[in-house]
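As structure tokens, here come the structures.
Shared between the two complexes below is chain A, which has chain B as its partner in the first and chain C in the second.
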Partner chain A sequence: MNILYYPQVKPKKKLIKRIYIAIMLWIVGRAIQAASKVDSDVKDEFAKLNNNFCLKMWIWPNGPAMYVGKTNNGRVKYLGWKDKGYKPTLTMTIKNIEAAMLLFTFRESTAIATARNRLVVDGDLPDACAFVRILNIVEVYLLPKIIAKLAVKRYPKWSQMAPSRKHFGRIVIYVRAFTF
Partner chain B sequence: MKRGAIMQLPAYYEFCNTVKTIVGHKALEQIPQSLKVINAQRPMIITDKGVEQAGLIKIVQAAMQKSKLKAAAIYDTVPPDSEIKMVNELAKMYTSKKCDSIIAVGGGSVLDTAKGVNIIVSENASDLMQFAGYGNVKRKLKPLVAVPTTAGTGSEVTSVAVIANHEKNIKMIFGSAFLLPDIAIIDSRMTKTLPPTITAFTGMDALTHAVEAYFCLAKNPLSDTTALAAIQIIAQNLVNVVKKPSDTDGRLALALASNLAGMAFANSMVGMIHNIGHAVGGVCGVPHGVCMNILLPYGLEYNMHKASQYIGELLYPLAGDEVYNATKKKERPQKTVEYIRNLIQDLHDATDGKHPRFFKEVVDKTGKQMVPKEKLVDIAKTAMSDPAQFYNPEDLDYNDYMMVLEAAWEGTPLDKKKIKKG
Partner chain C sequence: MIPYNFTFLSHPKICSGLKALEVIPFELESLNACKPLIITSEKWSRKKLTKTIVKALYDSNIVIGALFDNAPAHPSSTIINVLSKLYRERSCDSIVAVGAGSVVNIAKSVNMVVSLKTDIVECANMTLSAPLKPFICVPTADCEGGEMAAMATCERFTKKSDYLYPDVIVIDPRITRNATSEEIANCALTSLSHAIEACGIDTPNPINDAYAHTALQFIYQYLPKTIKKPCNNDGSVAIVNAAACADIAFSNAPEGIIHSLASIIAQDTNYKPGTIMGILLRTSLHAKLATKQGIRPELLLALAGIDTYAKTKENERQKVAYDYLIKCIATTSKYIPSTLKKLTISHDKLKEYAKEAAAKNRDYKEKEYAELLANAWESK
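Now for the complex of A and B:
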């Protein structure tokens, strides 16, 4: 067989999965921005980060991506999915789209994904620790308990997060994420 | 036919160990040949004062001289905690002396320092800080030979270096497969002069590596095998060697166990025991092995509800088949913790009380308490920034860190009712 005439097989682009991940990143990004105004723990975590904090969470090699950053006045903002010349201080790279699907369909928690080396973190590790805590809180707000329990290591009990705080926060975060 | 518990295999895991390991009573005699293989002609020896004063560098040099090989530079004043500024300075020395490789002779801080220097000189960088974190070293580094002189850190087979940043009061972690040394030489002569107290807490450090590798989230079948072997060897030899330091077979066994435990945790990482231990070391300057020794039973107690099966399985390599078989399955996890507490007590007795059992017993050379209770708040805050928490089965918040630290300071077991379960 002449290999010069061997047909080149182009990999499929997994378009549906990419669209799903892009939507999830958009929701999570918007929800982080909303939670930073609603939840005191998220506020505190962001307050400890530098004002130049900029997170890029993306799927290697071509995205999709999510940028979340702090503005000069300390406000937290979802910056979108396009690279507009941001300088991320923390980059969380998910190694492939299948790993991202496991994470965003909650078949693998953030902790298990980290343990299985599906994420590469580039930047200050204390910032990464803070961001994972923020992500956990946001997931508790966004997801029903039965799913959130798969996504976080320890689902907060009543004593840690009162139902009134959780349900009120959930409504406000959803409204803010999808409207403002 | 009853087949026992089914081994749970993770859906995905990674394991890497590229280090050529040479083990034996006179293994260092292999050093000229080993250096030749990796094309090292002008090695820089990095060590600390204790190693130099114990005459261990002379053994290395004598072995090298048999092939007329000389060190191009020797630095023998690495402090007990490797520090970022010193690493940057050592890299300048490496370049000015035109060295082409590194021989690290020492404990964890020396090996970590050597890895830090190797990053800078191989990457032609000026500051180590830019490589902090995991995966930021992306190319093959200069040849590195590791000769451990303690049986604890396992640094000779790990792809991680922990280096202190005194300005920020934290310990920086550098992780990359390229940090693995090319060769590790384990020679019983290197640990023979280790005082009983250091033997005790470095042995407990190795035990902690193996135990955390076995029950934390990144455990896998390959790291499990080395972890279990390490635990068994330590359980069988540590107290004996502390009581009889001249036991060279026991010394070699412990050095091997440290190597096996290092191989295990390099691939399955560590959890809250290291997480809190790094913070105690960073804030109060307590030696790493001492922290591990004190925190080990607390890490097991805290994670008992999430990892009881794995913690129960540890009883077998720790206590042997008779104790394991005589203990009911549901009682094994607690028995494992009891066994480790008894081991700590045995080491305390064997060292005439010098081996600390809890943080309030830890004192410096002048007898001053190293972990004042009011420092626990700072330690808990620092611990929240350490990524080892990711691999711990149970989550930890500030209050959890404080609960564990207060119990470990007083020496009281954890109150299980206070452990939050999701």
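Now for the complex of A and C:
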């Protein structure tokens, strides 16, 4: 038996999926920054976090990644996708690009993805829970109801988020996320 | 107070469900490996499972040392030596087996050879005292029993050791849904036999019972619809999960009468062990019911659920559990004959099988083996 017949294989890259995830992380990161100024719930959640809070959300093993952190004056900032020597206090690692696709194409909610062991969290658990709640609120603002229902654990009722607040917030968040 | 003295070991991590294959790179890295040798058979390669596996490893730092897709139906020392050479020449550091039966046995044997740095003949006589190289098992739904257990079979020897468990078991519907109805029936009957034998022993082990009962529950719930439609994602995944649970339970229990006989007959006749086990199980259950030993009332709880268990009178639970099991076995009747006679096994050989089994597993007497075989040959 000629063993040379069985070659060494170097798996390829999933470039299109990586680009899609990178764009989604950029949009979500910018939207979190915008929502922290617009929505009172997001503001409250961030207020409870330490001032050195820095989140790294990335796809194992080669990215893409998203860094969100709090500045010294307590403002929330999207820090970009490149590691510029940040010291994340909370790292959320998605185990592979396919798991990230399930999450960011809203076929699986964050809660379900966590339950199915697709995420590895390194950091304080209360911080991670707070961030998941923030992510849920941001998704409610960014996505139409029919899609957001799939992405969040419980879609907020009228009493929790009035349509006027939701639509106004959505416009402001979109404008802020894509402009400055 | 814990009511029993028992020991239990389940080493493998089970990753099951949608996109489960994609966790292989992450799991390999957590086992400090990055260059696996992938072993599969031509049958699965023709069904493009190798392509699926390679695609699942995209976008990772893993390099496949070699993709061997020509594993024979019976593990021989020649193929094990060739694969060990391939493993060493390509500087691989782990093994991934995609398939069942011989593929997994070959992979385990290669792992022993490369970890102990010896040859397979010497491996048979050595005691494993340290963990082997990382080994990931990706089972298909044609399991023959023992793939995910702490044992390996090669040519004429069977080796048992806690280190022979796979490190990770990956059960993905893209892999499991490719089996035929007959293969599903064989896999289910093997798991059923192992689970029943594991939880029917005199000294109960509560953790082992939990595994065995889970296997029984999966099989009872999913076997009928999976036999009708083997490409059903949920069904095929459930059957393979049952096989994994049954194999772990089997590893933590003494070898049963059915397994001992079936492995000898299967080796001699080349029939699948599941076929033989299905026939023997029916007869064995009947005998167990008559003596009221080996079928515990809790089996009914696992099979039928709390409502039926609570509704059934205490002294009838074993009989009802037996009925459920027979009903479950009957769903495979299209593929599995009811007697050894219909399988064209010669009556003259039964004595020989009983003698061989008694020499191999001394927990039972030759008379008991012979009695079971005689009853199974012509259904009584």
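Keep this in mind: the second predicted complex is superposed on the first by the 173 of 180 C-alpha atoms of A that agree within 3 Å, B and C clash if a C-alpha of one lies under 4 Å from a C-alpha of the other, contacts with A are read in each partner's own complex, and residues count from 1 in each chain.
Simple rule for what comes next: contacts are C-beta pairs under 8 Å (C-beta built on N, C-alpha and C of every residue); 3 or more make two chains touch, one makes a residue touch a chain.
Note that the structure is a prediction, hence the values are computed from the model and not measured.
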Should chain B and chain C be called a clash or a fit once both complexes are overlaid on chain A? clash
State whether A:N72 touches chain B only (first), chain C only (second), both chains, or neither. neither
Touching A:S164, do we find chain B (first), chain C (second), both, or neither? neither
Would you check which partner chain A:V132 touches, where first means chain B only, second means chain C only, and both and neither mean what they say? first
Applying the document's definition of touch, where does A:R116 land relative to chain B and chain C: first, second, both, or neither? both
Does the superposition put A:R154 against chain B (first), chain C (second), both, or neither? first
Quick one: classify A:K13 as touching chain B (first), chain C (second), both or neither. second
Looking at the overlay, does A:E98 come into contact with chain B only (first), chain C only (second), both, or neither? second
Region of chain C that runs into chain B when the structures are aligned on their shared chain, from 307-315, 325-333 or 343-351: 307-315
If I apply the document's touch criterion, which positions on chain A are contacted by chain B in one structure and by chain C in the other? 116-117
Residue ranges of chain A in contact with chain C within the complex: 1, 3, 6-14, 17-18, 60-62, 95-99, 102, 116-117
The answer for chain B against chain A in the complex is residues 10-14, 132-136, 170, 172-173, 216-218, 269, 384-387, 389-391, 393-395, 420-422
What residues of chain A sit close enough to touch chain B in their complex? 111-112, 114-118, 120-126, 128-130, 132, 136, 149, 152-157, 160
Which bits of chain C are touching chain A when the two form their complex? 15, 17-19, 22-23, 25-26, 29, 54-70, 82, 85-86, 89-90
